[in-house]
Amino acid sequence: MFGCMKLKRGVFPGRFQPPHYGHVKAIKWALDKVADELIVIIGSAQDSFSLKNPLTAGERFTLLRKLLVNEAGSYLHRISIVPVMDINSNKQWVRYLEMLLPPFNTVISGNPLVQLLFEDSGYEVYTPPMFSRSKCSGTYIRKAIIEGSQWEDCVPETIVEDLNKMGFAERLKRLSRGDE
Amino acid sequence: MFGCMKLKRGVFPGRFQPPHYGHVKAIKWALDKVADELIVIIGSAQDSFSLKNPLTAGERFTLLRKLLVNEAGSYLHRISIVPVMDINSNKQWVRYLEMLLPPFNTVISGNPLVQLLFEDSGYEVYTPPMFSRSKCSGTYIRKAIIEGSQWEDCVPETIVEDLNKMGFAERLKRLSRGDE
Amino acid sequence: MFGCMKLKRGVFPGRFQPPHYGHVKAIKWALDKVADELIVIIGSAQDSFSLKNPLTAGERFTLLRKLLVNEAGSYLHRISIVPVMDINSNKQWVRYLEMLLPPFNTVISGNPLVQLLFEDSGYEVYTPPMFSRSKCSGTYIRKAIIEGSQWEDCVPETIVEDLNKMGFAERLKRLSRGDE
Amino acid sequence: MFGCMKLKRGVFPGRFQPPHYGHVKAIKWALDKVADELIVIIGSAQDSFSLKNPLTAGERFTLLRKLLVNEAGSYLHRISIVPVMDINSNKQWVRYLEMLLPPFNTVISGNPLVQLLFEDSGYEVYTPPMFSRSKCSGTYIRKAIIEGSQWEDCVPETIVEDLNKMGFAERLKRLSRGDE
Amino acid sequence: MFGCMKLKRGVFPGRFQPPHYGHVKAIKWALDKVADELIVIIGSAQDSFSLKNPLTAGERFTLLRKLLVNEAGSYLHRISIVPVMDINSNKQWVRYLEMLLPPFNTVISGNPLVQLLFEDSGYEVYTPPMFSRSKCSGTYIRKAIIEGSQWEDCVPETIVEDLNKMGFAERLKRLSRGDE
Amino acid sequence: MFGCMKLKRGVFPGRFQPPHYGHVKAIKWALDKVADELIVIIGSAQDSFSLKNPLTAGERFTLLRKLLVNEAGSYLHRISIVPVMDINSNKQWVRYLEMLLPPFNTVISGNPLVQLLFEDSGYEVYTPPMFSRSKCSGTYIRKAIIEGSQWEDCVPETIVEDLNKMGFAERLKRLSRGDE
């Protein structure tokens, strides 16, 4: 069924705040069903220590790679990870990715804005199946941490440990106290 | 009464998301009562595909010019349209317009921030009479589209058709689903 | 007790919208207890004429210096004031200050984000004792002005007069009417 | 011969430091032979008071419009003038113009970089016939002014007068003394 | 001898205009002698279609990966390629890389500025042995192309073919005709 | 003779690469003859580790303050030092300084571009008398260091020592070897 989609290079943009099981499932699905090769884009790479982007791009890069090594090891040689900073113009964003990256012909994303921008530039867009999204989005996890509720099911134990070493929960809670 | 204001070049800044009857009325009023010549500034020209600025500057330029051709044709030779990108400093904004544009000596705007900034730089500011503003502001139209309520009265039929061809309503609704 | 902290140069970042008694108390405390010398950073120096930053950096510089001359004159020779523009990356902010300023070894701030960023870069952070903070923060003062309630107790009379000459209350009220 | 090119909107990018007869000839040629409508782009609009760009975008806008009124009056209703600031990426420049401007389908330019970038984005590029280019380029005029040699033949008398009122020659000579 | 340097992650910054044998030799040397893992940074990623940076970051990424696949296949699993845009502050550059990338502890570079900046930030810097650098630097290759002299020895045949398909020589020659 | 110029606040912009006797003389002259108070602007504050700007703003701030303490101690209470980053528009530069700094009404500078920009904004400009400028400009000192000739006469011994501790000569020489 997806045979005709083979021999494709896809991009998978995300912010990975933090990386979680949902990302792993979506990346595996993309490489099983849509693309031969995947460029995983760590978006908003310039941002960190904010409520929306608590982790730096480098921290996300490290965690994401470890997550993929542990949970998607056999896919690893088909994946590149590239941090990409935001630009101030949505309309230019896809062209900017085309400039920075090797040629790609498809995108895998569940994000409405990403989908809209790639369709506007003429790309095929694939929506990965949800993985308990109500519980395991980055937004959910960050909210759960600030409120002190359970979130550790969304992330493998080894990543939880690394997040703890980075002081992720503490950082988020302090950021939630605001900037004045 | 407005005789002394003649022989003036005015600026009329707006975001035109989308252009509507209120803009036409204000531009005609400005050219009838305040200015001999008008530079219509399409502000936030770098932004698009966002809830506040769904259309690109080029789309707004095209729609606005068509709107003026149809609804204010006899004024057209006294109007220039110039897209202008935001800068990150309100205090510098008027000076930045002075640098980019031919000399002007007045501004026509109902926007409180625009009025404040031009007055701070020593300009005369004119507030155009409202045109059913409660219903026909850009903010109202964008909200009506997202909520599925009536908005087409604010815009001539031919512009509604062009907006439909651009997928304006669809774009806005998808943007309203958020960025993650 | 604080003897070992002597011979230190500290930084005291703030936005000073507007400068108030709380700033004076904190600066005196910092120079009494923590640092020999203090660089007072006027942050978000590029911003003005916004609800969060109504005053320009230059207006804040002028008011703050007058406030310190009047209320902390004997400390003045140990204080430098430096306006600093924001950058788009929290993680880089402390390194950026290190690049712009003479070497410093401590920070005095009650702001959770500032504290987090300096600790992340390995600095000692001191929290100054609150001065009726519930009433005399910049946020409180700006809110009180917009709502027409009392705020003049937070600021010496001479600074209130200067703020009135600058049209501070009028500016804030007009900004609160929004940007369209 | 050019019938099939009719019904086209062209862009004509330049820096106009200063506007001269060569620009007039090229614009007339473009509207005679290539395009129904022309958007004249004043490039590097952010720059001024430099050896390469002594005039501000606003000064160039004013001079260029006057030049066209005087020398190409019958073409005026088919011309728009738009100042455009540089971006830091040549590869994105054409996409950036597409975002800012109404749709266009051709470009008229003798500049090798402009030609290359538009061709790279799939546009037809037309090279206007040279108008004594060896003598009447912006580069030639600026060099002649600094060296005190003759340049006034390249520009109509009325524009020479305006340049003199702006202190163009004086400005250029002072800029040539360098920055430090 | 290099045993103590093992278990290290290094960065190898370059502009790769174009990728050539010198890069392959240096990368192999770095992975043989200095680092367990290497992040190859494609610098000045925002720039292209200029004399110094004719190729886009995406073109360089594609060519470099192909070059490494062909000439350093057994090293490939130890290499990541990341395009990085310039910032406007040399002093911040190393900190900016630390923010964007997984933790690294060494740098391999023959570039004097890169060496200086990393040493200033406390890093060990390794200079790779030169590979006929007088002939096979990017600067040499670009100059040779513009002057029409021989350069193809510096690059494997398959990369020469790809450069020809991209119109590399033609692009460079046209860029050398200048921007006005 | 200069009585009428008293009660003035002046700005003295420079790059201070490095600070030298010429700066001291000019600052003293400015405070003797022109201004009651002086804001010394450390320009191009974002730049460092380049041939034109080898020192960071912080290093220049530190050296300049020490130079003034040693050589102009009795003037110190009338001097503020403020690092200021470049913006990309000469025309806006004076307005940008007006936004960042307390009100000033004069400028002291021997730099042709600075003089031109302030005059264009309607300021009085004072040219300080030269202090053996042929030998003691920043440009001369940096050139002398790279060429290994004598420069130490331009700077007090204690500043030479500090420059040596910072590795100033070494840094400049390495930067002169170029960026590839």
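We call the chains A, B, C, D, E and F, going by the order they appear; numbering starts again at 1 in every chain.
Just so it is clear, a residue touches a chain if its C-beta (ideal position, glycine included) is under 8 Å from a C-beta of that chain, and two chains touch if they have at least 3 such contacts.
Bear in mind that the values here come from a model prediction, so they are computed numbers and not experimental data.
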Co-neighbours of chain E and chain C - touch as defined: A, F
Chain centre separation (chain D, chain F; CA means) in Å: 37
Computed distance of Cα centres, chain E from chain A, in Å: 27
Contacts with two or more other chains, residues of chain F listed in rising order: 48, 56, 89, 91, 99
Pairwise touch network: line, ring, star, complete, or other: other
Residues on chain F engaged by chain B in the complex (per definition of touch): 89, 91-92, 95-96, 99
Interface residues, chain E side, partner chain A - complex: 45, 48, 56-58, 61-62, 65, 77, 80-83, 85, 98-103
Chain B-touching residues of chain A, taken from the complex the two chains share: 15, 88-91, 111-117, 120, 137-139
Chain C residues touching chain B - in the complex, by the definition given at the top: 46-50, 56, 171, 174-175, 177-180
